[in-house]
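Next up is a structure, given as structure tokens.
Which chain is which? They are A, B, C, D and E, in the order written, and residues in each are numbered from 1.
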Amino acid sequence: MRRTGVFICWCGSNIAATVDIDLAVAAAKKMPGVVFADQNKYTCSEIGQEMIREAIRTHRLERVVVAACSPRMHENTFRKTVAAAGLNPYFLEIANIREQCSWVHKDKETATDKAIALIRTAVAKAARNEALFASELPIERRALVIGGGIAGIQAALDIAENGFVVDLVEKEPSIGGRMAQLDKTFPTLDCSACILTPKMVEVAQSEKITIFSYAEVEKVEGYVGNFTVTVRSRARSVDMGKCTGCGDCMLKCPVKVDSEFDLGLIKRRAIYTPFPQAVPNKPAIDRENCRWFTAGKCRVCEKVCPAGAIDYSQEDELRTEKYGAIVVATGFDPKKLDNYGEYAYGKHPDVLTSLEFERLLNASGPTGGKILRPSNGRPPKNVAFIQCVGSRDKAKGNPYCAKVCCMYTAKHAILLCEKVPGARPFVFYIDVRTPGKDYEEFYNRAYEEFGATYIKGNVSKVFPDGEKLLVRSVDALSGALVELEVDMVVLANSVDARAGAKELAQKLSITTNAYNFFNEAHPKLRPVETHTAGIFLAGTCQGPKDIPETVAQASAAAVKVAALLGKDSLLSNPTVAEVNEKLCTGDMSCLAVCPYGAISEKMLEERRGRETVRRKVAEVNMALCQGCGACTVACRPGAINLKGFTNEQIMAEVEAICL
Amino acid sequence: MPVTREGFEPLIVAFCCNWCSYAGADLAGTSRQTYPSNVRVIRVPCSGRVNPGFIIRAFQRGADGVLVAGCHPGDCHYHSGNYHARRRFTILKQMLDYLGIEPERFQVRWISGSEGAKFSAVMNELTENVRKLGPNRKLRDAR
Amino acid sequence: MKVTADKVNSSLVKEVEEISGQKVSACFQCGKCTGGCPVVSSMDIFPHLVLRFAQLGLLEELLHSKTLWICASCQTCDSRCPRDVDIPKVIEALRLLLLRRKGGNRLHPANLSDRVRADAPQQGLVSAFRKYAK
Amino acid sequence: MKKIAKTKLQELWQRLSAEGALHLPVRSDRVVEFVRWQEDVSADLDALNAFLPPKKYFYPQTETVLKYQFEDTLQLTDVSSLAGEKTILFGVRPCDAAAFSLMDKVYLGEPVDEAYRRRRESTVVIALGCLEPEETCFCLAFDIDPGKAPGADLLAADTGTELVFIAQSSKGEELLAKLNGVLQEATSGDENKVKDAQERAREKYVTRVSVHGLAEKLDTFFDSVYWDRLYRRCIACGTCTYLCPTCHCFDLQEYAAGRSGERIRCWDACMFPDFTQMAGGHNPRPTQKERVRQRFMHKLNYFPRQHGGEYACVGCGRCVRQCPVHLDILEVIREMGGAVDGR
Amino acid sequence: MSTANGKIRSSAAEALAEGRVTLVLGWRKKDFWWQSPVAFVESAAEAEQLTFDPFSVYNPVKYLLEAAGCHEKVGVFVKGCDSRGINRLLQDKRLEREQVLIFGLPCSGMVDPVKIRAAFPAPKICEVARDGEELLVRLSDGQERVQTADFLLEKCLTCRHPNPVVYDRLLWERVPVRSGVDALRFARVSSVAQQQIQERYAYWTRQFSRCIRCFACRNTCPACNCRSCIFDQAEPRWLGKASDMSDTLNYQITRAFHVAGRCFECGECERICPAGIPLQELNRRLIMDIDKYFGPYEAGLAPGDLPPLGTYRGEDPAGFDES
């Protein structure tokens, strides 16, 4: 047996509270191969790690078992500790006696029994651990950013600034994303376009960044440092080289359809750019509505185009490229209000969502920045702002708080008063949340300076009453019933994950939470990383947040990418598959189940008696193999094994855990 | 492990995939859920790594119930690991039942990294089902 | 009306929670129930305040309030509550506490006249029995 | 000498099972096998060879030889002293009975196998004479009379309607004495009937082969090219060896479970590739040719050389019938000029 | 049958004489009437011993594993079930198609010696020959004619591919598939499956209690063609050597799982098992489940595609609760 050392951690009281550490240490001492067992209040601390290094030296330990928190927390920490003392880092095994024992079992006696069993299992596995060595892998010094909103733009700029080439993929014909739709931004009220457009131009002009607009990610393969991504650039029907962006075609096109950018408040043509400051400022033809593509007649845009840039024969273009890192910045969708009939949204024109109200505020919006009631085009006098529509709602909405609505509603109230003198905003809220620098002061101005009335009482129903809208609520603080006749109702609807986020997650093999927001590696310690090495997150695709946080995350992700691409090589994951050629039958059933194409056929020359015999065996490409182990079960004779999780190790674990 | 009928405490071995169900187990821990201590988890890279031989060896060495937990289909960190596991364990489960071994003893569940509550619920449910069945004599190594 | 330590989640509050199967602590006073209650104008303690009083243990005030008898358990508030609290059930639990204290049913099916029994809407009958029968 | 009508055998079984664990051949599903007798189970007196020979009673396929427990010190418990429950084995055919004496040479020779000896002593073997030969029987070739079983404690001769019991050892005498209630005294007429039955049976048997001088011939046959062609059909399964009443090779395996465990002895076969697999990877019998040659040479040459010319075969024919690829000992004997029936 | 033997012998001799093959695998007669071992014919002269009679049942295909190693090209005679064994080795990449010259023999069913011995006094039987739909049983004192259908092997009663599925030359016309095979195919499996769970366990443990781990079923099975079987490996010790029920169940479950989706129901394992264990009832249960969950699939027909457990579909149903 191997000389094994067992180190049992108190984790303050987290483990010691329900596991009898002394009993566990005593039991560990009697386990096969264990020559040293000890305990420590905080093994992951410097003192704890020093104790391990010291014990390795003095007791000539060959294997180390640390019984503490989950390996997903400190496996790397302790691997470095063990390596520092001269042992191969993979001679370490972790027994998870916190998350999966002391925290979930209250009875001390059974929790201790289980902890001892888990330690015994780790000792049995450690005894069979082989020395593993990571090999060096080349890195593709190119980054991919998915999503051209402010998060994607900021990330791309920062990565480019670090000297790396970036491909920025955006689904819409122009970058800009959700922020482009905004008029002003809180708390400084500076104009959204004024701070966004320069960055968009900067992206367009950067020779390190290539923009792929009107394009989506089709397929992702490979692994950190060596991703292979196929991007589908949808046919724009406009030759980007020739088009000067003069916009004549957009004037003459006979087709008028709802503009998605303006949320259907006004129309756009079949050949369109989403908004005037679009980058690239080249239109795209919407083939579902274009008369030429649907009915086979018209071609007006081709006739009027001075540059002859219209090209109906364009096809979707699939481009495959290698990348070292990927930043996902795909943003969010405002929540649809289908099951919120009580607010009469869609039944009365003057009931708007907050984004629709934002478009009214916007100078390049449907009303040129004037707040007008869609029903009669006249400015409203009383406006009701209803908060948490679809948020903080366990019954039929998102149970979480969408984080940004309180602040933008205060902004809407202020801007309403500025744009429509004498207008009176009423904000129906549950709690006003202003968690940021200068946020509270901004909110105070809304009711002190601009006279917004804040009523703590969620509106139960909006009754369309001819031209007017009757809003009924209660002021929970005073207990007074509230009945208001208003000219317009603005609903602060919740923030949903982007439609299609789940499918993109499956392509990238990253996981999503129950609401389809991408899962970060650790909410506090690794907020912009995912569990898949080399794939990073930025912005609202990871959860509701405002622009300052989004930009901060974008820059953080960029630094992570730069750190990764800056390395001269990457250490590969050593727990990969390995073929025992003596046992290999050569039937390639492993090759059939390998999701990474990491297994190939190799002709083996072998002496048998006097003559040499040639036979096929399997061979593993250590760089491509990710260590999933599907091949080890497909291989009936067990010729292919998975280092770090070998058949011997797992069998030993099963037998030890059942003792 | 006392084995009297009323005092019978089943031993359940759970193979949890590192990316989803093991993370779910950790989440059950961080959110201080509680479930019986009869369940003991072995970490494997993927549900596709679990060899039927491990399951049989667990039953031989005294496990009263075995669980294989993996990512929901489509969420597998390695794309297709759980798809293979689904086929393998569908066949294995039917065979064990056909041979007369109670199907409740061998369970397969998809538990994602964010389903801590589901993890503890499955552990409670499994322990109760197996406790009702009593100790597992079948496949049990006499030594 | 004073909040004291012994009143907050007293055994009485627990009994209300047990009968109604609802957790009064779930309510975060958004006021949506009161906003939409069709008979709120004749209530002395509004529905969201019923929950607030229960949270603070002010049950004596609740038991003497008119609201318990005004509420027609039409479930409008329950259908809109973002915290999934079934307010009519809480109010019904409070009524039961009172009725049990007072003892005796105040309404028995037998003493319903035939005309009422035939024509009265079923939900009305159910609600009546929920109010006046133990 | 005592007798009983074949119609009243149930009472005999009842009576015998009171004397010890009664085992006899019973048909279960598609084969006949020796099992412990249970209430109103009837023995199968027609089948000549049970699927597994009765060697399993003295030399079981799996037995624990040693248990160990390691608390602070290592405690060993010798398990072989526990073997040997009082057993009565009915229905052993003359060939299988002859095989017992061959196996006794191995396990009762120096050093004596304690467990085997205790089982042998605590078992009363009641042989059952054969009336009709199977086509694959060639016990005559090894001077085994199908009607007689000298090695057995008791011989039950089938005279058509009755079974006549003849004691052939003190254990036999002892048991026979206890069976007075059930068995009747046999008359001299019965004795003649037995002799006639044995005579008639004897005629029906065909001496297919002769093994006269076979051992000597095989001394020089080791390197013959015959083996190169013979072995090709063999699929290296253990059927012939496990079914053979005289095969007695075994393997020792450890069963460790934490701090306790046991060492077991279990049947093994020279036909299996890993039987002679050495730790360093060397295998003195690398291909199936050496293994096939080993099995026949051991039975027809090595064993006779070591045990005064007695061949390690009793002509029961199990290997001839059950070998999936029809590779049997008759073929080898004929190849060495032992053919008598002209084939 | 003599014309059949004539065709077999001539085609073998021809192939050997022309040097197209250096070895031909077929069957030959031996001492007893029921013995038709596989013949290794290496010269035209030896081809004379080749015979195809009602007992030529053993599948010669597994010998190709070793033979193909030291022969350029090997000739082999195959019945319907045997030919699926070739597809088995092709699909497992243990054999290249051009290494084998396949002579296809449409087969009208092989005879069960146990049934013959039950009907006639064994020592008297000298020969059993096929004569059209009947069998000619020659005894030492005369002869009799019986219907072949009454004496067929269990596996031939459920044979759905009597005609070879892969061959270079078919030696005679195809034969019709026996009627009612589909109904019979899973009959025994269903009857076991209907029993209560404890009865099933008792049934199977009684059958397996006779298993002596001789490995004949594994060594004859074309689907068990690994270079080194896990049951023979020491570290990790997948299978203990003790013949107690725990390790016997371990062996039977693991082997059934390994051949799942690859076993083509040739029935040889059940036929040659010395303990008479109904192994086909186990393998066919897995075939039923694979058909039910992943779509009907017959092994040994299309060597090109992947076996069911070697692949997957995203929308596969599961035999367990997927909520």
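Rule of thumb we're sticking to: a residue touches a chain if its C-beta (ideal position, glycine included) is under 8 Å from a C-beta of that chain, and two chains touch if they have at least 3 such contacts.
Please read these numbers as outputs of a predicted model, since none were measured by experiment.
**Q** Quick one: which chains contact chain C and chain D both?
**A** A
**Q** Per-chain Cα mean versus the mean over all protein Cα atoms: which chain has them closest together?
**A** B
**Q** Let me check something: if the centre of a chain is the mean of its CA atoms, which chain is farthest from chain C?
**A** D
**Q** I need the chain pair with the most C-beta contacts, please.
**A** Of all chain pairs, the one joined by the most C-beta contacts is A-B.
**Q** Roughly how many whole angstrom separate the Cα centroids of chain D and chain E?
**A** 31
**Q** For chain A and chain C, what's the span in angstrom between their mean Cα positions?
**A** 45
**Q** Using Cα averages as centroids, what's the distance between chain C and chain E in whole Å?
**A** Each chain reduced to its C-alpha mean, chain C and chain E end up 77 Å apart.
**Q** Indicate the whole-number Å distance between the mean C-alpha point of chain A and the mean C-alpha point of chain E.
**A** Each chain reduced to its C-alpha mean, chain A and chain E end up 55 Å apart.
**Q** Please list all residues of chain C that touch 2 or more other chains.
**A** Chain C, residues with two or more chain partners: not present.
**Q** Can you list the chain B residues in contact with two or more other chains?
**A** 52-53, 57, 61, 74, 80, 84, 88, 141
**Q** Which parts of chain E, given as residue numbers and ranges, touch two or more other chains?
**A** 230, 238, 240, 244, 309
**Q** Over in the complex, which chain A residues touch chain E? Could you list them?
**A** Where chain A meets chain E, its residues are 582-589, 592-593, 613, 616, 634, 636-639, 647-648, 651-652.
**Q** Using the touch definition from the top, list the residues of chain E that touch chain B in their complex.
**A** 192-193, 197-205, 230, 238, 240, 244, 246-247, 249-250, 253-254, 256-257, 260, 282, 285-286, 289-290, 293-294, 308-309, 312-314, 316-322
**Q** Mind listing the chain E positions that touch chain A in their complex?
**A** Interface residues on chain E, with respect to chain A: 69, 92-94, 225-230, 233, 235-238, 258, 306-307, 309-311.
**Q** Where on chain A is chain D touching in the complex?
**A** Within the complex, chain A contacts chain D at residues 30, 32, 655-656, 659.
**Q** For chain A, which residues count as touching chain B in their complex?
**A** 70-72, 96, 98-101, 103-107, 110-111, 113-114, 117-118, 121, 505-506, 509, 511, 513-514, 519, 531-532, 575, 593, 595-596, 626-630, 632-634, 642, 645, 647, 650-651, 653-655, 657-659
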